[in-house]
Each structure stands twice: as structure tokens, then as C-alpha cells.
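In what follows, subunit A forms one complex with subunit B and a second complex with subunit C.
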Partner chain A sequence: MAGRVLALQVGTIAACLVLWEALARGLGGPTAVMPPVSAVLLDVAANHQVLLRGVLRTLTETVLGFAAGAAFGFLAGAAFAESRLLERLLLPLLVVSQTVPVIAFGALVVIWFGNGILSKMVIAFYLTFFPVTVNTLRGLLSVDRQRIDLMRSFGASPWCLFWRLRLPFALPAIMASLLLGVSLSLVGAIVGEWFGDTVGLGIMLVQAMYAENLPRLWSVVMACGVLGAGLYGILAAVERRFVWWGREL
Partner chain B sequence: MRFTALVTAALVAGAASLAGTASAAEAVSVRLKWVAQAQFAGFYVAKEKGFYAAEGLDVTVNPGGPNLNGETLVASGADQFALAGGIENLLASRGKGLPIVGIAMMLQRTPSAYVAFNDSGIRSPKDFKGKKVSTFFTGAHNTLYAVLSKFDVGAADVTVVPQAVSMAPFIDRQIDVATVMLFNELNVLKTRGVKDFTVFRAEDYGVSFPSDTVIVNEKLIAERPQTVQAFLNGSMRGWKYAAEHQEEAVDIVLKAASGLDRAHQLAMLAEYSKLMVADLGTEKGIGVLDMTKLGAVRQSLVDRKVLDAGVQVGSALAPRFWDAVPTQYKKP
Partner chain C sequence: MSVPAGEPIIELAGISKTFGDRDGRVVAVDKVGLRIGRGEFVTLVGPSGCGKSTLFNIAAGLADPDPGGEIRFAGTRRAGRDLLGKVSFMPQRDLLLPWRRVIDNAILALEVEGMRRADARRKAGAMLPEFGLAGFERHYPHQLSGGMRQRVALIRTFLFERDLMLLDEPFGALDALTRTMMQRWLLDVWQRHRRSILFITHDIEEAIFLGDRVVVMTARPGRIKLDVPVALPRPRPAHVATSAEFLRIKTKLLDAIEEESMKSFMAAGA
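Our next item is the complex of A and B:
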């Protein structure tokens, strides 16, 4: 069964690529925006070293920003769940922070955090922490009242309640936000590179776009897609392995 | 005896290395107006060939990008120097009170031009009237309006739309006239095999807007003028070398930004050098501040009422640093 699904998945991707090649060749001229997939794959092969270097740099930025954002989001969500006052005071500020598009303060990020990997990490962090905060908070608060009362009646401490009941209950929601967050982290790292850098997938996108090197543009887009899908896949595997209970609890 | 000589030698070596640490290179950064490419070859060359080190500087070249403004970053002190926009951008920033000063001008001629397909019936900028024209609103629009005014075409007679990074809207004929940088988009059109279009160069209509100003914060000029001089000496030397050794210069740029296309970068540097080594740039040297031309640009902006008449070219530019750059570093 699993083998058949896999075969179907591979088949679907292959069919899409064939369709892409046919459409690009059939409809596009030399000035078309969509190059045939063969031209894109040739570019990938010819520039694999540059691409690999870009993937590694963007991956580093994404993972660091994601880790920081996930940790902060979890702590903030947990703190808000414990203290409603804190939630009332600080959550609105976090909401406001998310309404400002990050591209609007690119110059500020550079002025504050410089040109190194830190500024990209900060943008990835900025996009990641909010969904994790909200889902952690909602998850921790959604525990059935009766279960809490039951455990209290057996003399469970707040600490014990958190680790044994609230957290396991919240974990599926938290995992869902991490899956969302890792994609946002990648977007953050890519956008962060637009504010001055020479290595990374984000800057390669800008270079290709500016020079209208369309096969390159698509080979970088493909690399971004593979990177994003890979990160998502790893987290989804972690979820299946460690948070297998879903919302059934 | 030999022992004494050895000890002396060791002491001298030690003292020399100490002196070396004491006069360690001063760290400064320069912000480019766009991502790393041959348009900025001179700075990369100066760093790679040790021209900055020879002046006692350790220069970091920071690439620009969308939404990054060299004028703002130099005014805030995040970068000491920048290769900023045209003279019109510098004057506009001065008008807003930013404490930045121009010390050199890389392009002696207007880098922008306009393209229209031959079958569109557009034979001169006069025919832009009633057409859809796209341009960059980062400075090039001022050049466009100046060209149009030469033909008595008002800003209201033309539909001016902001131009995206891509030439696709022009190729797909969604717009009638597009703006091109002679060293970039024009080459892009050629490499993409677009044919049968006419190029209208702003320069041909007497609109000469020098561009790519090297800017610095007023504060740095007041506090460390020798640093400003050192940076300009190294940069001009780097630019002269880049213009005279274009293949090598492009390879140096590619080392910093490996994702670029070599042929495109070579074409860019060739075209960029033509705009740089031109007019007073040929006569006096690369990067010269052509005060007559710059004054004329200011006047045209004031006449069009887009610049406050109080903004003067004299206070926006400090030619004394360029004047002090050794001739062999700048004269082509």
C-alpha cells in the first residue's frame, strides 16, 4: 500500500514536469517567462556548487531563526497560559508586531543587527514565534476542566499538571504551529538576504530576477521548494514519531 | 657576537610586529546601491588588490538590495560610505536634512535611456505623449521628466507607471516605453533576443544627470577627514584598475558573488566604464565632480519645483577629497 502511494506521488511529480516541459516548449518563445524544465535542470547541474552553497547558508539561517522563534514562542505561550494578566499586557503587542510587513523595516534590521547571519536569523525568528506562541497558549488552555480537577484531587502540583496533562494535550497544536513556522522561517531567511548579502538562495533569486536569467530563477525556486519540503518532512516525521496521539487524548 | 645580532634581530622583529598591531587597519564599510555586481567592480577590486590596505583601511563591502537606501544607512552611521543614487537623490536627501555629502561621481553621463518597439510609431520622446511609460521611481523618473520637458511634453501628458525589476511587461507590450539602464536592462533585452526596438538616450537630448555618487556622513568628514581621503584614494585606484582590466575585475566580483553570469557582468562593466570614462572623467579623471553639470541638474530640479531652491550644490558636495587623490590613481 505504502509502495503504491509512493509510486503515485513520484508519478504525479513526473507528470507535472513532463507537462511543464511540453507547455513551455509549445507555447513559449525565446522571451518567455517560463523556461522548459530541461533548461532549468541543466542550470541546476551546471551550477550545483553555487546552489549547494546557497542552500547551506539559507538552511543555517532558517534553522537558527526557527529554533529561536520556536523556543521563544513556546516560552511566551506557556507564560501567557499561566498568567492571564501577562497575556493581557503583552499579547496585544505581539499581535501589533505581526501586522507590520517585515520588508517595511529592512533598513532598520540592517542598522540594528548588521549584515551578518544575525539579521537573517532575526527576520526568520520574527515570522516564526507568533504562530507558536498562539498555538501553545490555545493548546495549553484547551485542556478539559474535569481532567484538571481530577488530577488536582489526587494532589498534583501545578508543575506536575503542566508536564503530565497540559503539555501532552497541547503538543499536537504546538506541532502544527511548528510545521507552519518552519516554512515561515525559510521565507524570513530568504527575505532577510535581500537586505544585503552575497551568499544564499534569497540573494540568488534577486540576482536572477534582476538579470532576467529565467532558468536560474527557476532553479533557485526549485532549491527553495526542496529545502522547504525537506524541513517540513523532517518535522512531520518527528510529529508522527513523538506526538502520535493527535487530538484524541 | 652572533648571539647579540640574533637578539637584536629578534627585538627588531618584535617591535615591528608591535608597531603593526598599533597601526592596525581602520575598519570602515561601504554600502552599494544594489546587490553585488560589476557595477561596483572598483570597490571589490580595491579590496582584493590591497589598495585599501595600502591606505591603512580594512573595508567591508556591504551589498544593497530592495528597500535598502544607502543615503539613509550613511546618515544613520550604519555604514561610513555608500555608492548612492544620482545627484538628484543626493540633493533630495540634503533637502530632507540628511547629513550626507558627495565626494565623487562615478558616472559622468546619464545611465538611463528609453526603449520603444519600432512598430509602435514612437520616433522621438515627443511621441511619448499619450503613451504608457514605465520608469524607476528611485531617481530615473526625474531624468524622464527632464527629457519630456525638452519636447514640451508635460508630466500630465504621459501615463507614467512604476517599473518592475523585470523587462517582461515591455516585451509583452503591456507598456509602450520602458526605462533601461545602459549597463544592465539594455543588455538584458539583447541577451533575451528582443529585436526591432529603438533606444532613446537621455544624454542625446541634452539631459545629463551624472549618477552613482560616493557619499559620506558630514560627521566623518569633520572628525576623520584622513579616513575619507584614504577611502577615496583606494576606491579611485580600484576603479581605474577595474576599467583597465575588465576581465580580471569581473572575476574578482564573481569571487564575491558566485551566482552571477560572467558574460552579463562583462557587458555591464564595459558599458559602465564608457559612462565613467567620459567627458570630464576622461579629461580630469575617474570620479570627478563636474560642478557645471551638477549645477545644471540642480537648476532643472528647482525649475520643475521638485527641489527646494535653498538646497545648494556647494554644500552637498565636497570636491576637495577627489582633488587630493593622486593623479596616477584616477587619470585614465
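Our next item is the complex of A and C:
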């Protein structure tokens, strides 16, 4: 059964690719507007070393920015859950920070942090930490009174309460924000490269655009898609395996 | 924690609890006095919303009573909060943690106390057959029936070995047959370990069958209405429920509870 579904899924994708090829050729339009998929794949093959370097660079930026954003978001959310005062003082600032579109200060970030990996990390971080903060806070506060009371009746310390009850209770919500965050981190890394860099998928997109190299543009778009799907897939697998109890709470 | 013989394990005197502020005050519990002797099994019945659970939370140290009352635990006067960690408390809902297997839910209290996980698991594992859970230690709560979940919660309560156990309708969700089995089993465990038990139930027969004393609470505000000793010899066979003494107590309790239920029904309707 699972095998048949997989076969159908692969078949559907293959059919889409064939349709793409047929439309691009059959419509007879200039291939400069919509290159056939074969041209894109040929470009990927011819260009695979540069493409791979770009993928690795963008992957590094995404993962580092995501990790920093997830860690900061978790700590901020946990701190807010512990202290209402801290939440009232700082959460509004974080909310305001998110109302500024990242594009607006991308140039600033590059000037401050240089046009290396660090500035892209910062942008990925900026996009990731907020959803993680909010979901960590919400998750930690959503534990019902009776469960907390039961643990207290066992003589549990606040620390023990956090590790044995609150945190596992919040994990499904935190995990949902990580899935969102990893996609945002990739966007952040790609956009960050637009403000100045020499390696990476983002800068390759810009170069292909200026060169009006459509097969190249599509091959980089595909690489971005594969990277995004891969990162999301890994986290989704982690969720299914280790944080499966969201529906049981 | 050993208590000298004859000394009550817990003694509540003049305990009240008021909820709300100036706009709407609700007196949940009003000047309740209750004394549970060492090794005694006391059952508590009363109409719904009579403050039984509030009283439980106070006895478990989870809620502070209004100033003025007195709690003595094992002979010493205590503030409410001092009772946290001293009383084994089982709420109505099983409250199992969905991410923990049966065995790890059972050892939760032991883990909180700092026992090594392997030792705690061994200890809990030995109790599973007695609770009808043999072979289920590696299951997760969502794979169990309601009755089995309740039994896991009971193991968790029993492993938290304290002189006083507070059980809030622990068998309410079980089917009649399992319920009878669990009652006998509970009496057996109680007689072997001589722990003091305060047991809330809606079921009058259960209250008489289990208790040394049956305490009836009034409709809100909760007060003690009746405190009836059950002078039935133990061990009590199933047919004790047809004895004259049993029926005499049952009649007395039914009358009292009906009067109170009527009051709370009328109050709700008004």
C-alpha cells in the first residue's frame, strides 16, 4: 500500500516534469522565457560544482542562523513564562522588532556584520527567533492547573516541574514553531545574500537574473526548493519520531 | 514519618475557604472539622459542588485555607503549604503524561523524590501484575482503556508512600466489575500497609463498604453534616451489603444526601 502510494507520488512528479517539457517546447515560445526542464537539468549537470558550493554555503548560513534563533527564542520564551514582568517589559519590544520587514534593514545588517556568513546568520536568526519565542511561551503556559498541582503534591521543585512537566508539554508547540522557523531561516539566508556576497544560492539567483540566464535561474530555484524541502523534512521526521504527543495533550 | 498510636494523622479544625473578591464571594468550605485517625479509612460523600475537592486540596497542601482554621498533621500544627510532599494525592482525572510509558508514569513521584530511575522501575514493575497491568509497562497511556489508565494512576499514588492518602473518586470511571475488584484490592492493600485514607465517592454503597467512617458534607457552603461510624467487621464479604447494619447506615446516608442534593438543586434553580 505504502509502496503504491510512493509510486503514484513519484509518477505525479514525473508527469509534471513531462508536462513542463512539453509545454515549454510545444508552445514554441522563446526558451528564454520558460526553458524546458531538460535545459534546466543540463545546466544543473554542467554547473554542479558551483551549485553545490552555493547549496553548502546557504545551508551553513541557514542552519547556524536557525540554531541561534531557536536557542534564543526558546530561552526568551522560557524566561517570559517564568516572569510575567519580564514578558510585559520585553515581549512588546520583540513584537515591534518583527513589524520591520527584514528587507528594510538588510543593508544595515551587512554594513554592521560584514558580507560574510555572519550577516546572513543574523537575518535568519531575526526571522526565526520570534515564532519560537511565542510558541515556547504559549506552550509552557498551557499546562493545566491540575497537572501542576499533582506534581506539587509530590513535592516537586520549580526546576523539576519545568523539566518533567512544562517542557515536554510545550514541545509539540515548540516543534511547530521550529518547522516554521527553518523555512523562514532559509528565506533569511537567501535574502541576506542579495545585499552582498560572492557565494550562495541567493547571490546566484541575482547573478542569473542580471545575466538573463533562465536555465540557470531555474536550476538555482530548484536547488533552493530541494534545500527547503530537505530541512523541513528532517525536522518533520524528528517531530514524528520524538515529539508525537501533540494530539494526546 | 511515624505517628504515635491513637494520635490522628490529620486533624482539621475550623477550616474555611472563600473564593472570589468583594463582587462575588463563594464560601466553598465553612468551618469544617475533620479528624482522621492513624490507619483509619474515612469515606467522604456529598452532593456535587459541596467543596469536597476544595477540602482535598487543602489537606494536600495545594490550597491555603482562610485564616483562622487549624491543620494538625501527625501531631504538629502546620501551615497548608507544609503538607506538600507529605500526602499522597490522587485527583479524579488520571493525569497521566502522554509522553511517558506506563512504567515511567507509575514512577513519576519516585523520580520527583530523587530515586534512581532503574530502582524505581524495578519497584513499580513488581506492582504491575497486582494492578492487572502485567505486560503493559512499555505501552503509552493512549493505548490503554480508561480503567487501565486509572490503575496506572493508582500505582503512581501508591508508590508515593505516605501515611495519608487522599483519593478523589478513584474508581468512578471503572465498570462495575472492575470497580468491585479494585475495592477489594484497595482494602487488602490498606490492611497490609495500614495507611490512613480519605476517599471521596459518589457511591454510597462504596462509601459504606470501604469506610471505617462515612462523612457526609452539606451542599455549599460545605460543612460536615453527618459522621457515621461503620461497625461492620472486616474483612467484609460482598454480601455484607445485604446485612441489616449495612442497610441501616445506607438509609441514614441516603436521607441525609437527598436532603442536601435537594438543597443544592433548588439553589441552582433559583
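Please note the rule applied: the second predicted complex is superposed on the first by the 246 of 249 C-alpha atoms of A that agree within 3 Å, B and C clash if a C-alpha of one lies under 4 Å from a C-alpha of the other, contacts with A are read in each partner's own complex, and residues count from 1 in each chain.
Basically, a contact is a pair of C-beta atoms (placed from the backbone, for glycine too) under 8 Å apart; a residue touches a chain by one contact, two chains touch by 3 or more.
It should be emphasised that the depicted structure is a prediction, and the values quoted were computed from it without experimental measurement.
Superposition of the two structures on subunit A shows subunit C fitting alongside subunit B with no clash. Of the two partner chains placed by the overlay, only subunit B lies in contact with A:54; subunit C stays clear of it. Contacts of A:245 after superposition: subunit C is touched, whereas subunit B is not reached.
By the touch criterion defined above, A:151 reaches subunit C but does not reach subunit B.
In the superposed model, A:120 lies in contact with neither subunit B nor subunit C. Which of subunit B and subunit C touches more residues of subunit A is settled by the count: it is B. Once the two complexes are overlaid on the shared chain, A:166 sits clear of subunit B and of subunit C alike.
For the pair subunit B and subunit C, the least inter-chain C-alpha distance in the overlaid model is 48 Å. Against subunit B, the residues of subunit A that register as touching in their complex are 30-31, 33, 47, 49-50, 53-54, 103-104, 106-107, 110-111, 115, 193-199, 203-204, 206-213, 216.
Across the complex, subunit A is touched by residues 57, 60-62, 84-89, 91, 93, 95, 97-99, 108-109, 111-113, 141-142, 160 of subunit C. By the touch criterion stated above, subunit B contacts subunit A in their complex at residues 31, 34-37, 60, 62-69, 72-73, 76, 78, 165-168, 171, 184, 188, 191-194, 256-261, 264. By the touch rule above, subunit A contacts subunit C in their complex via residues 146-147, 149-156, 160, 164-165, 168, 171, 245, 248-249.
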